[in-house]
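Pasting the structures here.
Look for chain A in each of the two complexes below; its partner is chain B in the first and chain C in the second.
Moving on, here comes the complex of A and B:
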């Protein structure tokens, strides 16, 4: 397994091997799916959209409908205006979505297609919306694409009509529908009036009823996103995926913005509850405090299984910041923290966290899994946490893997269950400790096999 | 039926209607030969199931070659999405030394590379790959922006070959070329034929064959290999499942080429025939009957009594093992119907396996096939050239002065050609029953409409369609990736396929869709009386 990965690290400046990120348009597609009755549209070659759809299909095991401008060589040379206008016309007449969310690709960005002009020239039926985001694949990562599409929603839709209310906007970040459901459950328990956008719950975890509808019941309503301009505050969960959207909304509609960590673990969830309480004037109910106490109980009872263990974690920046924080709360050592998404801010933030905790860890942004593997060959850890792609390193180095983040394509159900909030923390403790205990059982000689652990 | 189909099509805007109606037909032997529109542009805005040229070149044909470092030159996405997603299994065979299939290599182009050109980054990436992996060959696969900004990947390949003393082959497979993956297959075939095939000179054994268009999904290729080796054939190379560049170098020395996927490798089969005189035979190892037929045809081609006897012995032995189990599954599947929308060969190949379970195929179509895959190779001279297919290079070669040879005498060839189809593929329509429907390049709207119209019990397709079908309460089997099962090829594979289909049709989930309270009263007895 991965036999050609040498222990010796040779510096690479041009070749990326086994990436820990993908391109912007995938994130833009995922964000767009979080609007009710929205059809994401990829302005580029049709292969792009085929790749985004199948990748999302594999992670969620759900239908993902999205269209494409299907560029040919002619369009690539002469511009994609005709393709986009034809697309908009065909989409509304065949699929009848309420809104089309267009993202660009490396192709349409390289030739410099002017999307707003094309949209202005297109036939858009009364009451329907067409929005767009520039998502050049050669900048940033899928997380940047998600962020850009959220910004696009704000730019095109949000409106401050002069009647402010005490509603709270929640931008949840690039997380699973199960996480979005959990955040909504928490806010409902606090009796807070809120708008979450994007919201893929009910879209990418829709029930099987035998009656297929192309646009499932879930997703943020367009009218709610429009009205988000009147809300009392925006909580952006995860600075990388959600921060820009919140600031854009502040700029455009004067809605105060607060950026929080993705609420993974105790402190980050506490922060969310306090901020939500602060902005809404609602108290934190006993029910949530009870859940919190349960997690602390679990952490005290099970700490002997994971305290002091070293972990390597990789994936998307917001999730990693949350995970690193939670691992520290558990008394674990995040030895390696690697994201494929470029940007110095990530490294700065996690380095600060590690330094405060007195942990000697290595933080890498814009890295790849080949690098992570080489680091592990030189100094191994007890646990690997990240996406499905980690399974090859896990096998090569015999390090157990906890699957978390995007994508997970070789296991099911993960997208329904949260890692955020207190319940998410509970689930993470279960996954981490069970994985480590399975390893203890596997490696134990007969005489050391324990009934009770 | 024609009326009903017309109704489905009439919902389209006028221009779309005009285009799409040419891609649909109802099979009717009286009207043979029936013509269908295929390999045509996808309509912008349509939720197509198709991919791009890069996907066909890197994703399908080049990607499975295990002993080469295939560098995607472009932004990160294309390389990332085509990394390990096609289930092309590959072994670390003794002596072969290299297996890079679990690796993804990309130049991860950034904005400055787009503005100032990416050639230097590509050169450096190749240098780094050579330094770390010391491969015997490197492939460069281009993505959309590469062609647009004018990076000359062929010049880079030439430079790198001299600089690093390693073969470097460039594929200009930008996504926007052609109308689907199919253009990418062609580009990959061209590149491998020009730069790899014919460059080796290993001695080959008796009855040597290549398997073309077999990608070893779920281990299909290994099962085919097992059967062929048992009979006594020597397999020189497989293009390209568990394939290797080093083995492919000797492909020209084969005595016969076996073509599993006609769409993706017919170019190489024809070029090998033109330059080296090697005949090709369309085989199909999916399904019991076609496996038997394929094995018999191959043995007959060589005409060696020992091969023929061993073939019959193998068939008898394998059939005896699988028949009781097949019977068990057939009972569960008998009388059900299937609709198939897969690739450029599989909608054809899988009709047999379904038939063997007592299941009729009521609709079949391809994603990126050409007219010959539907109508047979006899239509090739009549396929119109258009702006899309003519910008893909069409290599023309003549007989190689030293290496051209014919395995069969002219008389023998003429005689055999009456008994089997040499260098010919009859296409899909001819195997389908009257009244069944053929749809080319089906899209989301048509899938939904035909599902309602035909109500098949299983829809065989890919991942993008799968969960739509499940939401309708109907089973979908992925016939590209086999739902992570397999192999489906050969006799043993037929049983695994049968088991999977039977399991899918009978799994209790389908019977639990309607909650009890939706099918009967929830309030009963005294309580109702009290309320009233």
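Moving on, here comes the complex of A and C:
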């Protein structure tokens, strides 16, 4: 295992060990899968797209279809225009999607391929769409790539036709289809008319019917994304993954934008409900009020099992901000909060949260898991929360792990069940308290083994 | 650009990868199709099992992020196993403008000083090849500074497929490492295993058997590999190329350079494993060895046959379609036949003429050889009524959507199907897969989907 990670922390500038992020094109691919009948296309070497597919289909345990420009040395030297135009032609004739969402890679960005010009020169059948986003792999992370692709959707598709309506646009952020379903359920319960994009529910959590289709029933409809330019407001859930898309929509179509935290925990979910209620004029239904009361009841029932416990959390910025906030609501201590996504804003935001709560925690952006491991060796915690990659640290340091975020490739079902909304909060409390109590049972000497806890 | 990208280092050996379309193993798919791996991935996977070396990826983080730990390779290097640590220079915009050589040198220095490896492999990627970082001189300087091998591996993604990258990776080892140290002693029974990555410990299924017979494994490329052993590999009496056509190239180089003969062998399936052992012993040419081999083979085969008895009964009349690469295709076909399953179709996308001929011979005239398995495999299963698909991870979930039982046989698989013991594992996993009750529960067959309701069934509805 990782037993040989040294305890002594030395600043590293040149080397990343055990990365805690992946690259922009993966996020762009995930966002593109949230459009109905869309084929994500990677403009670069053929390997790249296979890796994104691997990551995504291991996390969701679903087929993931995507294509590539298959660069050769020739394309790398002379430009990828011919490859892209051939790709577009091949894709429409072989796979027949309604829309192709192209993202760039480090290779095509470095040689400076001009995608809009290539698209303009390509043969696009009547009624079909081709959109693109620039997603250089050497900048940012998959969260930035997700954000850029959402921006691409707005730039290419959204249109204000002068007939505004009271619909609300929801940009859900880089969350699981189960989370997207939960957000939709909440909005439906409030009887709000909305458009969610991207929306991977029904795409990456499609049922087993005995039939395989390349383009499952789910995903945001292109015409709905186009019409999103007429909506009354946009709610962007998670500033890092969704903020830019909402602001782009405001710029292009004058749709008012509000950026909210990813609705993890009580306060953040309250805020989503209030914002949705304010924009739509709808009241909060009794059903949701009851759910809220249930979560608080659960938290009251179980608080003694997690109160004061220290946690290390790592993953993507929006999820971490939500989780950190919820851990504080639970009375837990987010001792370490580490994201691989670079950017000072994240650190500032979480530092502020911790300071307000009077918690002495360490926040790192653009970090790697090696750093997290070293920190834990120096000052351990009671609970680790993060992706599958945390399992090595969990084992080396004997700290229990709650799997949350992307990617989770060694457990199932997580992508179907939410961590957002009041229901998501219930699930998180269950996961956290069960994991901690399992540890208590495991470690208890015979004489202290309790039946009722 | 300081360096010609098209340069292919050490490109001396013939390629055994000619497919029907006349593509060699650098064959890249036409633009716009679904995707396969890249050369970088092949090189990284070929060498990553060397557990006393640091594997440093010089590129943006994702090249490593997509390959690091995606495949589980067994290592007996307890406590110092570097295969589980991912190292990358994580190239950013600054390096694109100013070059990444300084960062690379710093990364090598840090990794060597903190991890004390026996060697370092530095992997080139698309973007670092394109900006023209002079990896050779950075690695050369580090090698002189630290006095351990620091091997540049030039297999950026765009130059070809995974197979081609695997070959380039192994070539880099042969050119930089092999022959740099003499073994303490040599025996007439020394062999190297080439192209065996010890995925999920597959090599360990047959290595003890070879050792029991008296064969000494001098070096492995690169399952549970060690730099130290690789340096001595040139003194082997025989190279055994295990299940990877891309490795034939380096066997050929080693034959030319050090006169080591080679043979191809597979340890999947009982008949193949026995055949491999026999051929290795015959090639080493010692009567005592051959006699001992026969004893061990008889014992192992008896053990397997006994264990397989109940399964063969269970699998009678069952059919499978197989989609895997290279010579694994016939190896697995034989393994399936060994446990009593009929193979009705096999992918030959990555197979050469020799593989195809061999498959025809093994499977008979009726089996379908699939040129485009991604498109062909599901219709073939439907047509033949096959009970099972064995394929790689990216076919897994589309097959399951059609409620087709599935066994994963790619490099990311969790099963260990190699050697005599592996065959029993395969039989057990197939049993668990095809006989799981879930496949009777396809949701399209829900009770309310039954076409016509009988009148008495409607009673409860106020009819």
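Quick note on the criterion: the second predicted complex is superposed on the first by the 453 of 453 C-alpha atoms of A that agree within 3 Å, B and C clash if a C-alpha of one lies under 4 Å from a C-alpha of the other, contacts with A are read in each partner's own complex, and residues count from 1 in each chain.
The working rule: a residue touches a chain if its C-beta (ideal position, glycine included) is under 8 Å from a C-beta of that chain, and two chains touch if they have at least 3 such contacts.
Bear in mind that the values here come from a model prediction, so they are computed numbers and not experimental data.
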Fit or clash - chain C, chain B, common chain A: clash
First (chain B), second (chain C), both or neither touched by A:94: both
First, second, both or neither for A:235, with chain B first and chain C second: neither
Touching partner for A:208 - first (chain B), second (chain C), both, neither: both
Chain B versus chain C as contact partner of A:381, first or second or both or neither: neither
Partner chain in contact with A:22 - chain B first, chain C second, else both or neither: both
Partner chain(s) touched by A:46 [first = chain B, second = chain C, both, neither]: both
Partner chain(s) touched by A:392 [first = chain B, second = chain C, both, neither]: both
Shared chain A surface residues [contacts with chain B and with chain C]: 1-4, 6, 10, 12-19, 21-23, 25-26, 41, 44-51, 53-55, 57-58, 61-73, 75-76, 83-84, 86-91, 94, 105-107, 110-111, 136-139, 206, 208-212, 340, 370, 392
For the chain A and chain B complex, residues of the former touching the latter: 1-4, 6, 10, 12-19, 21-23, 25-26, 41, 44-51, 53-55, 57-58, 61-76, 82-84, 86-91, 93-95, 105-107, 109-111, 136-139, 141, 206, 208-212, 214, 340, 370, 392
Of all residues in chain B, those that touch chain A in their complex: 11-13, 16, 41-55, 71, 74-83, 85, 92, 98-100, 102-111, 113-114, 121-125, 127-129, 131-133, 143-145, 147-149, 174-177, 179-181, 387-388, 391, 444-445, 448, 462-464, 466-468, 470-473, 509, 513-514
Chain C - residues contacting chain A, complex: 1, 5-6, 28-41, 56, 59-62, 64-70, 79-81, 84-93, 95-96, 102-107, 109-111, 114-115, 125-127, 129-131, 156-159, 161-162, 378, 393-394, 396-403, 412, 442-445
Chain C partner contacts - residues on chain A that touch it in the complex: 1-4, 6, 10, 12-19, 21-23, 25-26, 41-42, 44-55, 57-58, 61-73, 75-77, 83-84, 86-91, 94, 105-107, 110-111, 136-139, 206-212, 340, 370, 389, 392
